[in-house]
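In the two complexes below, chain A is the common chain; its partner is chain B in one and chain C in the other.
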Partner chain A sequence: MKKVEAIIQPFKLEEVKEALKNIGIDGMTVTEVRGHGRQKGHKEIYRGQEYMVDLLPKVKIELVIADPRLNEVVHTLTSAARTGKIGDGKIFVYDVADAVRIRNDDRGESAL
Partner chain B sequence: MFRTRSVLVYLAATAAALAQAPPDKIAALEAAVQSAQTSGDNAWMLTSSALVLLMTGPGLALFYSGLVRRKNVLGTMMQSFILMALVSVLWALFGYSLAFGEGSPFIGDLRYLMLGGVEGAPMPDYAATIPHQTFMLFQLMFAIITPGLICGAYAERMKFSAMVLFSALWLILVYCPMAHMVWGKGGMFNAFLGGSIPAFDFAGGTVVHITSGVSALVCALVMGKRKGYGSEPMKPHSMVLSFIGACLLWVGWFGFNAGSALGSGSLATSAFAATHFGAAAATLGWVLMEWMRNGKPSVLGGISGAVAGLVAITPASGFVKPMPALIIGFTAGVVCYLMCSVIKSKFGYDDSLDAFGVHGAGGTLGAILTGVFATNAINSALKGSDGKPLPLGLVDGNGGQVINQVMASAMAWGLALVGTFIILKIVDAVVGLRVTNEQEYEGLDISMHGEEGYNFEA
Partner chain C sequence: MTIVENPPSNSAAFVKAETDRLQREFESSGDAATFHSGRSSLIDLAVQHRYKEHLEPAFASGLALLAVGGYGRQELFPHSDVDLLLLVAATPEGSRKEAVARFLQSLWDAGFRLSQSVHNVAECCEMHGGNIELNASLLDQRFLIGDQRLQQDLSTRFPKFLHSQRTSLARQLCKLAHERHAKFHDTIYHLEPNLKEAPGGLRDLHLLGWLNHLFDATASGWQRELSESRAFVAALRTFLHLRSGRDNNLVSFDVQEEAPAQSYLRCNSPAGFMREYFRNARAIHRAAVRAMESVEEKGNSLLAGFRDWRSRLSNADFTVSRDRILFKSPHHLEADPNLPLRLGEFIARHKVSLHAEAERRIQQHLPAIRDHLEHPRSIWPLVRAMLNQPNAAAGLRALHDSGILGALFPEWDSIYCYVIRDFHHRYTVDEHTLIAIESLEELARTKDPSHRRFAGLLSEIEDLSILRLALLFHDVSKGEESERHCLESATMADQAAARISIPPHERQMLRSLIERHLDLSSAMTSRDLEDPATARWLADRVGTVEVLKNLTLLTYADIGAVHPSALSPWRLDQLWRVYVVSHQELTRELVTDKIAEGSASKGPAEVQAFLKGFPTRYLRIHTEEEIRAHFDLEKARQQYGVALEIRKQEAVYHLTVLAKDRHYLFASVAGALAGFGMNIVKAEAFANQQGTILDTFAFTDPKRTLELNPTELDRLRQTIERVLLGRIDVKALLKNRPKPSPPTRSSRIQGRINFDTEASDAATLVEVVAEDRPGLLYDLASAFSEAGCSIEVVLVDTEAHKAMDVFYVTAHGRKLTADLQARLRGELQQVVVQ
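Take a look at the complex of A and B:
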């Protein structure tokens, strides 16, 4: 099993969700986060007082999938979340040791 | 602060035409005409009084509380709201009398203590066609918002107890004397009721905006900066609240200025027009400056400009035509922008919400420009011994008026500087001015009031 963690532009969330649904992924966790990579922040000015805002709002999507689906999922994520501009975000992939469904103690891939 | 009496002239003509009618019938007609005018004027004046209260709550409360950080939103709202209660009680007990009782050129006497004698009958020297009580209420709303404006300077760091004590003392020692000097019978700057240095202040350029704005500067200097000022971000937490507040201020200001005609005649309309055009031009002035210097026209710039224009047109509103109103407004937009964004950072004082930059600077500018643009084509109440209207400002050929305006402004500056400094020292000795560092970090909402403005998890 793999955990896929994608940090994307907030306005891309709906598109990404739709694309994942279309390939049959229907479980995910979404968090509103703030951060920045190589993308610079922006400047805000209030009555002449300047503020650099370098932590920008992003959305983090976490999903756990069976190993064979990895490439398909990553490809779906990149194509749905991409604008081609700096700030599009990143995807991290982790190995997952186990999964448990709380409702009935299902283990491993059958818990996904 | 008076009205023309064209209706009375009309009444005299009607009386002459009816000379052959029985005298009791004429008297009944006279009474009916007077009562009709009182009804019309009183309706507008009660409406205006309510509009001016609307400027403090929620207008000013929203405008200011949107500009502070989230942890101080309620503390800032409470500062405006408690003044609606505190000043009202003090005004009823003795404040009105100190401001509007006849007395010395500097302060009123105690003839209206506990509102004695302030009832349904008009006080002809102030407003001949409305109940004296209406005049008292209208003036009360001014007394409420004036100390409220100072909150912008000490925002986010003053103890609530200190703020209450400061405001009470300030009302007595700064506001009431200044109101008396400019508007009270026998006051030294009262152009219409025997002042020795006649100055024009239609709705409070000196009395409201210079006193509060300059006192704000003193507060900012004496209290010192907020912790982390200049190093931590102190962005406005909700431009949306500030936007709504500023729009309410613009609307309420029609009561403030057009209401200062103390009647519902053409002078009220003229003041309404000047007020509106002043605000509009100032908005454009501030936004243009910002657009040129920063590359973006901001919402905060737009609403700040509107308020600056409303401030500057206040003393002039019942004396100037629409075109000078545009000039006064636009100038105020540019000057106040420079005060808030260039001058303030140059000197480094923390006038947190720019009470001095907008009200002190805009009020002074407006008071002086009133001496330039005041004209008897708009306001003919000041008459010479031959019964003809006297020239008012520089445009009427009375250049000396500008000097009088400067003197009245200087008095407001001096009184605010000295009075506020002394009051702050007294309050500091009695209860202490500032919250502790921990309380400031926690925010006024929790540390002073035990509440939070936004309970997202509730």
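Take a look at the complex of A and C:
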């Protein structure tokens, strides 16, 4: 099993959720986060005063999937979240040792 | 009911059979009290039987069993804990200890969930600061079996202990209740309420019982008043326990769906059931709050003194007694139907609560109040006065609770206690709305830096009545379960606004705010804020900076009232970005988006020619009627060289000037107004393609010169005309004006000047934020003119002591050079720091 963690632009969330749903992925955890990578933030001027906006609002999506679905899921995420501009985000993939469904103690992929 | 006296040996089966029978009886009758007493009696027998079996052989004396807590009250719900006190003469040791263990185990084995404690009489008669629940549980003690002398000892000493400690004990019980209420944000209106712990729940009934026990008269009469509510709560909790097979007290959405099928809950729909729930919870909560206030005042001379001092707030209509309002002449409710609205304003001003007697009087006259308010009336000044008070939400809440708000705005009836099935929301729609209005009041007091920027916007809005009214109506169509709730809420608000005679321009603002109340939150999550198209979309939707500020605050309040942590730093940042992006676009487009021929209106060609070249903002901020009036002025200008009009709207004067563009023109008018001691609060200057200047100024008359000397208005008009025609030197007018006293250091505003050459292709944007003072606008405009700059567009806004001015300027038809900017900055800096 793999855990896929995607940091994306907030306005792409609905599109990404819809794309994942279309390939049969319904379960995910979504968190509102702030941060920056190469995008680094920007200066904002309001009423003559400069503000440095260094941590930009993003959305983090986490999902755990069976190994064979990894490429398909990553491809779906990149296609749906891409605008081609700096700040589109990143995807991280981790190995998952086990999964347990708390309700009935299902284990492994059957718990997903 | 009949209980078999000698339980058979397989007691668990016996208990189950009897419980099943009690359950069947409850399901057919809905009589929870019979179920509870039956279950208590069943357990009494089981406890007494096992006492004889396990404890009597080991304890000839020195042990008594007492039912305490809910068991003591004989209020045992199907899955409540069985609270049992083992009253001992001495701590059991050896074989006695083993006997106690066997006794308790046998009860567990019989299926009872025991919550036992072992104490001697002395321990029962002392305060348990860290476990005040123990003291409270003993208030409901009931002797079951055992050493009667021990029990008599407790019966003698416990009342004495209570008498000496009752004030302290009552205060601690109230403190616990306040903490419990705070966990539920002090409101009963939760979408999925906790029947036991939430305000208005079973714990509040317990509290009333305990306080009544401690002070006989504390809540006299509450038992009779609340008997119906008590029966409802008891039946509902019994149903919850039986339905879930455990001690579950959450009135979940699923429970709300199933409740109408239970005939004893007497409702025919989930919405009807929840209204019944809230009606009962409110009665219980009010009684509990009043009892707590009564206790907290006992022996607290400072609090009582403060409440007595507040009685000075009394006026011709109302008496304030112990922080509660009474009508001076309740019969006036019949003769003076606007009295309830003045009541709302009084509460909104002073934040005092209604006395029960005043509530009763209102209920008595509610039909007459409804009859009066349902017809169109010019009562907007009264409603506005309430909405502009610092505690407007308190006033609205009091009117809501007493039914007056529903009489004033019957549109509100559809969201009364209305539950929406939305997992993000925590409160009913009416409560969400009132919390939203409260959140703006909290914002005004906030010290949190991430919220302060929004507090800045709030301070820039002089009249909050339309914003608060928009919040009051923003979700009002949710009760209709409409797909287009923004539009329909706006329509319902507009109907109400027409009924109470809100002027057209304010109705327009109200409608705009409600129609667009989801635009900014939608942009936060579904639009790329870096994309210029988003900024253009937002500016187009919002229209003006004034609407943007109001809409931003409405969005802030709306999100914050969804649930306590909804306004996360993430959302605050996103909302602020949306505001800044929109603000920048609205400022930029002043010079970039001009009215083209044929795009302005359907009016005649000569009107279209007049409008050509004005910023598109002009069309957004002026009604067709105003545009026609401007065009009439333009015709006068063509005849006389200049044309102007001054009209008064409430406390503000509005000056419109039309003239051919020339150097110093804007500065001259600003100077003429300052020369008469007028305070300019807003100003705009636009030019059309033909070089005609249309300047509008909104100004106040702080010394009431125009009001007290009617001829001065004509003199002002003539002076401005002569200034425009170059026949008077403005400097001479200003020479003898007294200098205003400077603001205190703490309230002084840091002046800022910013040049932006990117905002427009043709002009340089200069933004000035400064401490406002008479003549400031004249000095700023003069500085531009003296530096050889032409002012193309001006947008001036003033709130409290802060002036926020936007100028688009050119020099010789081009943007300002770097050298000129540096020179101008120096000049402006001198003006700003004066």
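We adopt the following convention: the second predicted complex is superposed on the first by the 107 of 112 C-alpha atoms of A that agree within 3 Å, B and C clash if a C-alpha of one lies under 4 Å from a C-alpha of the other, contacts with A are read in each partner's own complex, and residues count from 1 in each chain.
Assume a residue touches a chain if its C-beta (ideal position, glycine included) is under 8 Å from a C-beta of that chain, and two chains touch if they have at least 3 such contacts.
Since the model is a prediction, treat every value here as computed from it, not as a measurement.
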- [ ] Considering only the touch criterion stated at the top, classify A:K85 as touching first (chain B), second (chain C), both, or neither.
- [x] second
- [ ] Once the structures are superposed on A, label A:V33 by its partner contacts, choosing first (chain B), second (chain C), both or neither.
- [x] second
TODO: Classify the contacts of A:P57 with the two partner chains as first (chain B alone), second (chain C alone), both, or neither.
DONE: second
TODO: Please tell me which partner, chain B or chain C, touches more residues of chain A.
DONE: C
- [ ] Residue by residue on chain A, keep only those touching chain B in one complex and chain C in the other, then list them.
- [x] 44-49
Task: chain B-facing residues of chain A, complex - done: 44-49, 51
Task: Touch list for chain C against partner chain A, complex - done: 524-530, 568-571, 573-574, 577, 580, 583-584, 752-754, 756, 767-769, 804
Open item on the list: Quick check: in the complex, which residue numbers of chain B touch chain A?
Closed with: 233-236, 290, 294, 296, 298, 300-301, 304, 340-342, 344-345, 354
Open item on the list: Give the list of chain A residues in touch with chain C in this complex.
Closed with: 9-11, 13-14, 32-34, 44-49, 53, 57, 83, 85, 87
